[in-house]
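Dumping the structure here so I can ask a few things about it.
Which chain is which? They are A, B, C, D, E, F, G and H, in the order written, and residues in each are numbered from 1.
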């Protein structure tokens, strides 16, 4: 029976038609998914490189230059692969493929917010980034708007990773002698940590990143601590105890430091 | 000190030169790795589709047609992405990137050997496949040979997965009434299992696939068992017990079956 | 500090959206709970087909009534879920919808012996069969999983029909499931869950084959059928 | 059966290659064990730099002698490992080679105060610095990891030098490590191990900075140095 | 110091409570060990039902005697566990109790062919069926898990009965398990363990249906039965 | 049929008990959600202690107000949970209660510099500290886990106080944590979670000791302290 | 310095003992490697029983010859391992010994259809069955794990025998495995590994019972058997 | 049946051996529990060294008394464990013994400033230092792990001594730990646990060196010391 039935599925069989149709749909999905994964990978790699670029600037002018270049490269991403995601999903429910693109978008957010912090000391918000993901497409006669979906969760996941980059930035600033930058980075990491602490029902993925965030806070706080206690700022004289003789030597040289 | 030193690394510093050189090398590696991973992904996807194609043939002529198409598509892989891997690694130690391409090559082996089994009931060997991975490149004046490395381990890992496809094939043959094909597939799976059982120091990855292979043997044996005991061959009359009356009815109709 | 203010805004905005999502999920969960309960009732109602031929028609009628109710539930779901967020919340109704696809296609098979098309099943649930940028619809994968459930149930039915002395149904089932089997072979499946379910289809097919074989060997196949078989 | 025969051949061929590989690994392991033991000796010999300024020169000489021996070991390794299979067996000597890169670059720094280039380190081990299709060489990543070990050891040396009353070395170390730090920042690291080691470099840098600061604040910096600093 | 005193009190109080709990757990563990050993004996005694029809009655008697002993053990447990702490220590006896529920309901089914109600099973163990205000009781979930074990064992018994030539038992089992199946299907289960066990029930059901099918197609169903079936 | 009746009763009884439990869990979950949300607010409020000395008092006041609210929640919880079922539902509030123990003991330490005893913490939450005959209480284990959280937070505070130029707090913290450490060391812990948290205590202790060391070696210890130390 | 001397002695003593242990492990590893390789050969040789009835006798002979060789290897092992250190090095041969227990008991079952007792298996390996005062022995746990492997292999053999048309073997296997099953059920197992393997036994038992069932319902049971069964 | 008899014997023998082992483990566990409790007391007693120089001597005396008690416990252990089974049950006392090695070597260092040799530590516990032909001994690995714990504790002590104004101890510690470090560096370790603990030693060394550095740069090194250092 089987053999017969299997072979003899007539060309006009509704069953055959249904499955052919289903096969088309499923193949479309899979192919699309593959394309999106590739786009996501490209975004990830370039975002990581942009972050690297932003770290590598040591002097203020180098930083300005780096930020400028980073902005250009971020824009290329926005107008390149990220736009392609939007186009790919123009007529498709965006959440259907959110897992394919989440890694790339998170890494992009990490780079984008890192850049905005270095530029203006302020973190670009979700809705601002989402706005950057809107594209006006000019057809032959009309225009249409295409949007690449950035879920707020992806944005927040990217920000959570940002604390790691800020921690690195802070410690780097110490080794290049910029303690103000270090204090600033420290306070941003603290503020972000406090923000995450207050979140409720934040979802598994985000919760998983909390312990890393906590470690980042500890590292950055240890760095500013060391800066204060060992490397820097003269301690307020009022707090000084009776000076043992060896302290005299120490402080005689303390003038003019920093 | 730091700031100064960091910025002032003079353009002719040997340290700077060394690191610039290292940066180039590392970037090359990473970019190459990315390209290879993409090739590997492409090979994986197409190989899976070829396996699917080979499964979908039910009748003998359909199978012939499928094998023919599969061979063509396999050749396209060999002459396309697999060749690209070889070219990519023409002057590079091949094992350096073996992890980037292992997934794709394993899946290819699964498809390639499955196809060879369906075509000639024989599994194409490692050295035969390795031969297929040799390419003569014609330059302007001279010729050179490029080889894509196929490690024997990747080949064996592909074969281990082949048992799964053979198991599926065997059970499919039952539902399409081809018990000979089923028995053949069963024996091949058994032989492969016996082969793996005899291996010594086979390496972690292969050892990890053993339990799946064992399950595949169990499934395929259960299938031929069912075929014998329930679905088919008249049991040798000698072994028959005293027939209860209901057995008479049964056997009166048994003539001519199969 | 303006930086700090931005950070605060970021988190309070996010918390707000989290809260809204949470609330929405609660609403969805409650709707699904009710609709799911109905599906369980339908399952019980349709169990009778394995033991009592005579009551099959009645069972289908009852199922139909309950589908109406379920359809109301799906209506509420459709209203509750933002039109762009179908796949965001899909996990809440995924298994349930698969079960409905199974139940509906089973009922239609029992009623008319045919395969319920994707859009028919969708329309029984009062939702769209087409996947668009926005909107609540019947995912094709869920529909297909439902059909695999159906094959499984039909293999059981083949066995129980024989016990009940009905030697025709197994053949009807055999033909139907073979067709579906041939159809499924056209799909190049990657999806884990669907693939896994599909791999199990072979065992259902095998079981049905055995039943038909058992009947054939004993000359219990209905006449008309038998001659075709031998041909 | 020819099919069975082919299967047998496949497995016996594979077992043969497995056996050969196993044997080769044994050979490699034995060579590495000896070479590794030498590295441990050198490490001990060089420990003296933390406690005894006067013996540093002597320690370097001893280290040099032992490097010769190690180089013989690497010679054997080079012979044993098929020229195409460097990366197949790399794990056997990876950590050891990183340690040698550290020890050699430390020795050279102690001797001449300069960074030992990649090819110099390789030549001390008697192997190539160039990565080609075939051949045993000094992997650039291992060389870089060795340099990171060096920075770590130098930060320790900076601390201990001060204890010993040597206030010049910290400054020398500071300059050297800062340069390396600047260099490393040029690398866009992905590699997990190297990246992780690099992330720790910051702490070494910080420690050295603190030492220099402690000296500067107490006017303990060598004169020449101090004026540069204040400038 | 008073601060110190507070600290000391806290910790010594806690150590005391830790020790008491430890001791209690030891007592519970020892009781459970004995009672569990009895359950293992009963399991072995009842294995005979699969191979020897004639000894079933005897086996039930033996089981009954051992239940008495087990009941004494449960008495001790009840005494040992404080009324508020049933759920704190439940894990100690949970699996064992499930096994007893299985064994008792199997014995009763073998004796009378009926389903042992919750309170009957509880009374065989000498404990209450209700989670009264305070106290040790037979958790209904454990009772239900026991019933699921029973279904599994009965599906095995159906198979072995046929081997032994007893063609009546499978039908009896079929009816019994179908009823239980229908009951379970109505439950809206959340509980993970129970749920998982329940999901396995369908395999038992299928197995039993196939046994009945095998008998039916070969005309081996007992006469009386057969006519009823056809009716 | 009477058998069927028994079955039905069993399952409908069970469904009823399932539903009731489900409902109760829902109630508990909802209360816990609210109370937990408050705890997060308090956590956020108290974060200020790490970077703003001046606002600590204010933060404590805010925390106190929020504790009042939480206490109302605990009141509801106490009412909702039957006296025998504390351990059945404990998982719902366990982590939350540990967080409250931490928050309350932190607040009290900030206010008065003393260790909040078990019953004080319990009374802030409006519940009993003793596992009385029947009833909702503050499990001592949860209290202790809360104290371990406290030590961890205080070690962070020691670091940040110094950064802020407050050189007294580290000493105060050091004394406090050392006492707790001594207490914990006497415990013979079996419990996995508590044990694991306890194992982390030694890192907190070490960190605090190093902070005090850093101050001491730089002569930054407050006067009074120093003389005591030297005595 | 005397302190230094003490340190040196300690470490050189320890290095010596480390080296000796290392060497001994090397010896053990090498012996085990050879013996293990033999076990794999035997495993492969015995695979033929699943598809070739005629060659079973021959396979047993081959296995016997290889056991002799293995026994020599165990002799060396016994000599190499100090009497007090059996448990120190047990991990080296544990899995291998379990495999031998399986292979020997399988061979003996194939030859004579009986269970190979513990001491018989031990004597085939040329070692003692008792953990005497001092010495290398066959741990009973390893023996039992081997028996569980045997049951598993026999369940596979039952299936394949039927495929081959041998309807007697399943019954023989059924009796044999049931007895072992009854034995195992009496054990109060703590050991994790043995326990886990034992839990899988029930699946083997079920599979065998179903094979016998399949034969029985089709009247394929050998005559003698059938009458006994019916008696 | 004789086959059956064999089976029964095997399993009852095994159960007997299982029970005996179980009982022995219980005995060992109980002894270890008591001895472990003593070790915890000693740990607490010795904590005082970090905060109170004056009470160190007293603490050592107390520790000595408690070692006597522990030694009695080890006596019982020695008696309980069969001479061939040391390694079978080693896990029961392994961690505890390592802690004792730490505590004893710490006490001896505090008393005399010297390294306690392996046999001295063993004799304090009343056991042999050699793995004699048969018997309970102090495994050298456990002894070494104890020494690594000691280094860790001493690095903490160095920090706390400075806080307390004792600037001599750090130097004494530094010398002692450096010697141990040199010893350990020569070992070619395979063992995972020891290796891992050893890898942590470098952090202790670094910490101690930094403490000495801090003293040195501030001119706080004791005079005698200072001149030696400069020499």
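Rule of thumb we're sticking to: a contact is a pair of C-beta atoms (placed from the backbone, for glycine too) under 8 Å apart; a residue touches a chain by one contact, two chains touch by 3 or more.
Quick caveat: nothing in here was measured; it's all calculated off a predicted structure.
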item	value
Classification of the chain E:chain G interface as same or different, half of numbers criterion	different
Which of B-C and A-C has more C-beta pairs touching across its chains	A-C
Averaged-CA centre spacing for the pair chain D and chain B, given as whole angstrom	40
Length of the line joining the C-alpha centres of chain A and chain H, rounded to whole Å	47
Whole-Å separation of chain centres (CA-atom averages), chain A against chain D	34
Residues of chain G touching at least two other chains	182, 186, 188
Residues of chain A whose C-beta touches two or more other chains	2, 6-7, 58, 175, 187, 198-200, 230, 249-250
Chain G - residues contacting chain H, complex	3-4, 6-11, 13-15, 17-19, 22, 83-88, 114-115, 117-118, 131, 133-135, 140, 144, 176, 179-180, 182-184, 186-190
Chain E - residues contacting chain C, complex	178, 181-182, 185-186, 188, 206, 209-210, 212-213, 216-217, 229-230
Chain H-facing residues of chain D, complex	36-37, 40, 43-44, 47, 50-51, 156, 159-160, 162-165, 211, 214-215, 218, 220
Contact footprint of chain C on chain A as seen in their complex	1-2, 4-7, 9, 13-16, 18-23, 25-27, 30, 90-96, 98, 121-123, 125-127, 152, 156, 159, 187-188, 191-192, 195-196, 198-203
Touching residues on chain A, where the partner in the complex is chain D	48-49, 52, 55-56, 58, 168, 171-172, 174-175, 223, 226, 230-232, 249-250, 252-254, 257
